[in-house]
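By written order: A, B and C. Residues from 1 in each chain.
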């Protein structure tokens, strides 16, 4: 099966397609400074939309997501954006835990796996 | 490849089948209040059994598991239940780390990937 | 699709191959005592090389990696070893967060998914 990579950097690729499975790198906000978890979740999900499109698929094909929150108390705020974004009837398997991320500016990071349409 | 979802909610699906790969949502205890990590691990593994069955597979087909413990000091207790549950010779790849979960009542969360039988 | 397991133990297998996808268990240093994060990352990546070879593949086929650091402040040190190890143009999707591991001796743990060559 073929491997195709998108957003290839020295450290990671932003998306890797293996056959019909797409692995996305953990996405954090582009502009985290001063942005609350709601705004950061919006930025992260917009990046995921862009990467899925680049890889030839879309959010209705999400299979699994792992969500890291800097503060688990922001769970409901993150979910308010998440639930408005996912496609009804096509939600992925998901796990959400608290974890410190690379910069204290980051409030949320989302890594996911999708099927290629 | 087809995508089939089970336990579909507004936020996540409990199981997503893509071709012959099954992704389960992170499972936490149904009745966590007052339950120690041993009892919670039992509940979580019973839920995983049910979800795998619903998705048309079983624990002998586990490929990978990620285990989050609220307190890493409970590693041995969780393992005592885990090792009695997994099928000898058919254990999945696994990673276990400490992480805060959505409710302080939760002592363990397990997310896994399985093959469809 | 076939399932093949390597380094099968009572608790986990070190590598599980499902069709053309390889899941590795979270790898920690063999000899963590007194080893800093640079040395531990070297040990972990050498173990990943060995497991990928055993499973019939290699690091140029990495699809995804999840990196746990005991102290997120060691991100740059871990990356210095990581970036020297990965194959240019063939980097996996990746997420890195801080998490406590089973022993306080462990400074880094890496779990990954690869394609079989």
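The rule is short, and it goes like this: a residue touches a chain if its C-beta (ideal position, glycine included) is under 8 Å from a C-beta of that chain, and two chains touch if they have at least 3 such contacts.
This structure is a prediction, so every number in the text was calculated from the model and none was measured.
Simply put, subunit A must spin 120° to overlay its Cα atoms on subunit B, rounded in steps of 5.
Counting the residue numbers used at the interface between subunit B and subunit C, under half appear in both copies, so the two copies meet with largely different residues.
For the pair subunit B and subunit C, the distance between mean C-alpha positions equals 21 Å.
The set of subunit B residues touching two or more other chains comprises 21, 66, 99, 113.
Within the complex formed with subunit A, the subunit C residues making contact are 20-21, 61, 63-66, 72, 75, 79, 82-83, 86, 88-99, 113, 115.
Here subunit C touches subunit B in the complex through residues 1, 3, 5, 8-16, 18-19, 21, 23-26, 66, 68, 99-102, 109, 111, 113, going by the rule given at the top.
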